[in-house]
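Here chain A shows up in two complexes: once beside chain B, once beside chain C.
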Partner chain A sequence: MSATAVIELDGVLLVTIQGELTDQDAIALQHDLTTQVASVGARGVLIDISALEIVDSFLARTLHDIAGSTSLLAAETVVVGMRPEVAITLVELGLTLPGLRTALSVADGLALFGGSIAAPSEGA
Partner chain B sequence: MTVTAQDVRDELAEFLRERRPDILRAWSEANVLSHVDPADTEQESAELLAGVVQAIRDGAEGDSGHEGFSAARSVLGTVVSGSRDGARPDLAALKPPLLRLWTEHRRSAGPDGLTEHAVDGAVALSTAVDTLRAVLLELEVDAGLETIRAQREQLTELSTPVIKLWDGVLAIPLIGTLDSMRSQAATENLLEQIVAQQARVAILDITGVPAVDTMVAQHLLKTAMAARLMGAECIISGIRPQIAQTMVQLGIDLGEVATRATLADALGYALRTTGMAVVSDQHS
Partner chain C sequence: MTIVPTVREVPIRTDMDIVGVRQAVREVAVSVGFSLVDQTKVVTAASELARNTLKHGGGGTAEIELEERADSTALRLVFRDEGPGIGDVELALRDGYSSSGGLGLGLSGARRLADEFDLRTAEGEGTTVTVAFVNRDPAAR
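Right, the complex of A and B next:
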């Protein structure tokens, strides 16, 4: 797990993946994140994969699973910074990851959480 | 006395050297290279003939790669590049005068002049001229392929400009028939620009695409999916009514991808998505 750093920022877990992830790393990440979301009561998880040059089908599925399990814990997962070549490869593999939220950059991703908080208060 | 193949070749080479002026005159009359500068015709015919002599002497009149034909190749190369209008010289016209002169030559050699020996010689001469034609054809095909390659490259460059319409809004106007190479280049270009300009919306405009089949639709979908994975939204615009009908008939489902009839509509939608609004200035 040395390749990833998790920072908590105003109820959002900011996860930066800094090197290639092995399958074990990915499973461990899923486990750790789910545990942390529950213990912190996070409202969002932001996973920055802009440093990843290769995303295989296993990691893609793990990202999808992380999104699924955190949403059960009321935290939305946003994947940010996917590289063009990674995106093309995933689409060619048929892994379009429906339901997974994405954003261009960490700033854009954080704005998504800001927006989703502001919206109900405006309506109320 | 048995006549060997080499004897035939030697005699042919001798005949070609002896009757060179006659042959060249006959070839000039045949008017084969007429569209080249007339002043050069004599010189060019002479080079062709020299190549034929060399090839025949080496017994390689059927081998277009033989060095005897390389001089001929450069002569014919100028012919090909000079005939862009499609008119091409018929080298077959070189054959009859050559064979006529050869027959005369053999007949004058004596009563038994027109033997199998003469036939072998005629076959060799005929093959040599045919090889010249093959060389010309090769050159023409090469020139054609070169043109096609250059134009394809130009097309690829021309077809994929990514245009910035607004901060965070990109458009890529797709023009012409999309084959897999061009569509791939377009996709890569667009995705790279999405990252470079941090664009949140990308508009794929297909106004210039004459027909949308399942392959093109598949490609558009893939591009939209890849953009979504990167965190940008894709809008497909410029869908003409006929194309919309065709797509429904083909059962093409673009899923969640937003579609608009015109680029203007798509831009409006993109601006709303990015929290922008265009307002009239008249009240100020």
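Right, the complex of A and C next:
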């Protein structure tokens, strides 16, 4: 499956979701990312979902779980590029994803990791 | 304007089929001129209901139908399975209720997204969920 691409950029894993994900793909992504965060000692994970035409409750939960498991490994996950129609639909579905950090673009997301996020950041 | 009954029937047996349902529903929604937001709502609801058919109903089918009405077109999706059925419908429709550790937003969320919603089920008799999305005044597009 080449539905996702992952590259490492200065301690941040940059993940691009390139198309339709099956539930299996989503579960595999969670597993792979968590493993990679540990193996490279990543301080952050940036997931670009701008190619996704929909996010349903299963995928939303998976993104949330990825953020949870990477956070246990001291890496913050930021989801970037959500399409406006996806955001509108998620809210109506009842999913506001509290606790999931988001940014508008990859550049904005990377800026969040700045030079150093080694300093403890409260909660988020 | 022509009246088209069932446009497509898609089997739901594997999680690849959930993707197949999403794609088929998207194509039909585009073909009748749904806006991008409406396409997204229909496809998201379809994804939720197809997954329920697979995971809770043990597989089944999705039918995609178009219905011409006086001044609108309705896109109707019928998800049918012969699984265990739902004993307590009110509970199943409650936001956050899941019998399987899910978020419990699939069924209730799909109902919110749709213009029309119908659930027919009984314990041991399978489940049929119908949702309709109405595209008002498609001619105006």
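Here is the rule we use: the second predicted complex is superposed on the first by the 114 of 124 C-alpha atoms of A that agree within 3 Å, B and C clash if a C-alpha of one lies under 4 Å from a C-alpha of the other, contacts with A are read in each partner's own complex, and residues count from 1 in each chain.
We adopt the following convention: a contact is a pair of C-beta atoms (placed from the backbone, for glycine too) under 8 Å apart; a residue touches a chain by one contact, two chains touch by 3 or more.
Since the structure is predicted, the reported quantities are computational estimates derived from the model, not experimental observations.
By the touch criterion defined above, A:Asp10 lies against neither chain B nor chain C after alignment on the C-alpha atoms of chain A. Overlaid on A, the two complexes show chain B and chain C touching the same residues of chain A, namely 83, 86, 88, 92. Those residues of chain B whose C-beta lies close enough to touch chain A in the complex are 187-188, 191-192, 194-195, 198-200, 222, 225-232. Interface residues of chain A facing chain B in the complex, by the touch rule stated above, are 79-84, 86-88, 90-92, 96-97, 100, 102-105, 108-109.
Residues 15-16, 18-19, 22-23, 26, 36-37, 39-41, 43-44, 47-48, 51, 95, 102-103, 105-106, 108-110, 112-113 of chain C are the ones touching chain A in the complex. Considering their complex, residues 20, 22-24, 53-58, 60-61, 83, 85-86, 88-89, 92-95 of chain A touch chain C.
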